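What follows is subunit A paired twice: with subunit B in the first complex and subunit C in the second.
Moving on, here comes the complex of A and B:
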């Protein structure tokens, strides 16, 4: 099954004086997918979104939407609509007129306009709020109005610029689920800009992780989490233990290495590890490590001492000192009924599966 | 005072207490702070207005003021053709001055607010430079420019465009309009600039995103949202210019005189304070009604944008 690309970004750069906000970005976004641009602030994700919307022009490269080059096409003629970070609700217009704003060009009959507006409001659970003034809306309602105002245009692509960052935590989590459901039901391609990894992981079909104007990896949430392509990606998404390792033997699909604190391990090779690397970094997620009391070292088991513990509710993080390693290893344990909290200073055995070790640069 | 035992203080139902509390209250502090300007305003604004209002119902015969209440002055002010003419001319001239000034000021304010990226304060400062000279001097300057042997006429003759100096430039209502529009320009630019600056740029992007080109976006977003500045500018210009008497006296000639010149005559040479007061009160009333109508209309326009 091949889904056509709705957006193609070909070698796009955007320089502001000496600052390279975007530096040679290539990206293909498929029709109907929920795509996220994830990265820390200043990584260029918003710049890229604005280039797609047409509010800014690339210094080099081109943007194609539905196969058409967008160079020289102004924002008002592009088949995209945007939900702004501050929602940009027109303060002098009521909800109905805000939502109907973009339809004026179509010169619809009043009845038709009315029914379109009310069905757009219904879609975002604001049924019957047409006459509400823009200043009387709560943060969550403003966001829904902004969504309705953009979706009523039936854009080919909906662009969302950190739409949830202004909401409180509970409302944000609720909106994440709603946005996802909305995207599935309308079938429009959504491009979400966010710096929140949880938001990107829970909502997206695919995520592009960006650092300093470059794309480090484009992958599904699962793949991004399990097989991060770089140390930066691995550190940005979820928790990750980084372990220095010396390569002892490398074949086409296997690396045997001496990992600090873990001993000799055999891991599957990745493309991003160069053939002549002698030192590599291995990553392992805290929840892929197991912890048990007692000292039973052996194959894929090492003994250490708990230096600290942090209780998070559903999980507890233990920080375990291992001989041969400076940084303590983070171990995440689910607080199930069987789990008994271990005290700091306890001797424990850490177990791991070599398959969970990811070789990084 | 000698020391009082502690228990006595505690039980004593002191009558001075509420007073002390009031003196330290916010209301008292506020009133103390605003009392000098309030007294100033009462002395220089309220008393003159009340006395003008009172005078307008009296009559005067040379030096004798008859304090019998009468509407005779108002009857005269509203029926005699000369007063009606002057009143109408004042309103029309001020309205034109207001419209012209706002139309000229808007693009300037727009330019500074949207297209000057750095040093906006410097630009605003430069705009105010012409207003460092006295109002009278600026009016005289226009006399020099528009006069029979003035800059404009000499220039046009030198260019060979005309043979005789144009005599319709000075001493009429249009000279008053030109001079006033120039004199009040800065007062129009500033409020419009402030209201344009306050417009969130993402609103303009949102309008573009929803399909508006630059012109449509201006009518649907920028203009309605800058309406408070336009209203402010219009009132700041309209209200004082209706009652301006310096400019009409200097550049207006007989055909450019306005109601304020007549009020001045009544309080001066004609020595009829009651009639002058009635004219002044009538002018205030008309200005108030017109201003309110304008404000309501402009607000309605801003809300009706779709």
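Moving on, here comes the complex of A and C:
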């Protein structure tokens, strides 16, 4: 069974003078999924969100929501609601009136209005705070009010513009889990804009990674991490070692290459690599490399020298110089109870599984 | 923080304030003096100058004229100021800064020049002189003050609040009514109070444009020729002084409240 698309972005561009904030973006967002727009600041993710909300119009292309073209439909008539980055809580209204703000047109009976507001507040764990003034709320509470105010409208799509960036780290992590739980329980499509890769990986069903107004890859968190489609995506999500390699032999599903510092490797994938490419880049995650003392080079094992080590608590990062390679290789090791940090200058053997090598453009 | 070096500055501040306000304090002082001559020594305490005010009909007419002009002026200037402040803070259009400078020009133009030019324009265009012409002149003079107060409360209005209102299904008109107006309300009231006070106290433009209906300051000026009436003019002046002070104090309180709401600081008064 295929899930229908709730949002279709067809060839959307948005130019501000000479600046191409969005450049030919295509995207399908499925009904009921938690979708994230991830990218560095200025990549166009917020511009795209504002186009979906109706605060701005595309220079070219169109946005469809639930199969209907939204061209010319203003924000107040779209089946979307937004949680703003600064939450935009109306300062002159109390919590109850903020949450009930969008219900005016429904002309509900006072009892009905009251029960809808209180159930919306219950949903975001603010039960009974109806009479609290907007100025008396903490950052986390403001965010919950903004969520309740948007969800009470029962939108087809909820848009979240960096909603967690104003919170401190602990609250942010807690809210990530809560937002995810909330999305599952209401079943509404959430579109989250974020520049925080951890946030996107933790919460999303699928993520669109954007750079300079273009979408580089749309994939699940797992696929994005394991099979990034470009160097930019690989570098933006998690740590990644990039290794220059010369193609020696290329068959279906397999590339044999001479990788700088790693020797001859056999890569069991040919994603992202054109047929006639002779020079490619291989990526390998620091935690997919192993490190051991001693000098035992061999198949998928090379010897190097530790140039630097950084202790992070649960992991230690080593930077290892390899002959034939300019930059040190980053290796991340999980720390056991009896671990000892290896000193700089120590000769070590780096081992890797060729399955972890990802060919990149 | 107070060191001996600051004594000079403190002394200067007191002398400055004394120079500014002591002469004004003579007004209420002599208005309670039981004598016609405004000079020391003071003869004794009396409220008779205040009671004579009650019986002068021309004064009552002048007061009524002034109130009508001041109320119309404050409402007109504030409505125009709301539109102006809104445009100035929300939209970027060609000539924006030049336009605001032009609105502020009456602040620095000599009032008598403004009054004479208005007189010429109104007479030549056949509008004639009445309280309406005084009101028009006062609106011109009050606009800079209305704009300054209103821009300060509109500037702090977060645009995302308006977007949130649109997003929640409201139209532009409803958004203005439900979000913008309540948030800038203290600024609007402050603007009403300030422009009311300015119009009530204004003399030169009113003197040139009033025609046969004098406003209160014009009436006071006409009474200065009669030495015997001077103490009752002082009594009237004291009342106006007190009323103006209260109004401006209220306006400043409201303006501060409005800025606190929109999270800004700094003032124009």
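In this text, the second predicted complex is superposed on the first by the 359 of 361 C-alpha atoms of A that agree within 3 Å, B and C clash if a C-alpha of one lies under 4 Å from a C-alpha of the other, contacts with A are read in each partner's own complex, and residues count from 1 in each chain.
Convention: a residue touches a chain if its C-beta (ideal position, glycine included) is under 8 Å from a C-beta of that chain, and two chains touch if they have at least 3 such contacts.
For clarity, every value in this text was computed on a predicted model and none was experimentally measured.
J.: For the overlay on subunit A, clash or fit between subunit B and subunit C?
T.: After superposition on subunit A, which the two structures share, subunit B runs into subunit C.
J.: For A:303, decide between first (touching subunit B), second (touching subunit C), both and neither.
T.: In the superposed model, A:303 contacts neither subunit B nor subunit C.
J.: Taking the superposition as given, does A:81 touch the first partner, subunit B, the second, subunit C, both, or neither?
T.: A:81 sits against subunit B and subunit C alike.
J.: Please work out whether A:53 is in contact with subunit B alone, subunit C alone, both, or neither, and reply first, second, both or neither.
T.: So A:53 meets both subunit B and subunit C here.
J.: Using the superposition on chain A described above, determine whether A:73 touches subunit B (first), subunit C (second), both, or neither.
T.: neither
J.: If we overlay the two complexes on their shared chain A, which of subunit B and subunit C does A:90 touch? Say first, second, both or neither.
T.: both
J.: Would you mind listing the overlap between the subunit B footprint and the subunit C footprint on subunit A?
T.: Overlap of subunit B and subunit C footprints on subunit A: residues 53, 55, 74-77, 80-82, 84-86, 88, 90-92, 101-102, 104-105, 149-150, 153.
J.: Going by the contact rule at the top, pick out the subunit A residues touching subunit C in the complex.
T.: 53-55, 74-77, 80-82, 84-86, 88, 90-92, 101-102, 104-105, 149-150, 153
J.: List the residues on subunit B that touch subunit A in their complex, please.
T.: Within the complex, subunit B touches subunit A at residues 200, 202-203, 205-213, 220-221, 224-225, 302-303, 305-306.
J.: Which positions of subunit A touch subunit B when the two form their complex?
T.: Against subunit B, the touching part of subunit A is residues 53, 55, 74-77, 80-82, 84-86, 88, 90-93, 97, 100-102, 104-105, 149-150, 153.
J.: Which residues of subunit C touch subunit A once you look at their complex with the stated criterion?
T.: 158, 160-161, 163-171, 174, 178-179, 182-183, 261-262
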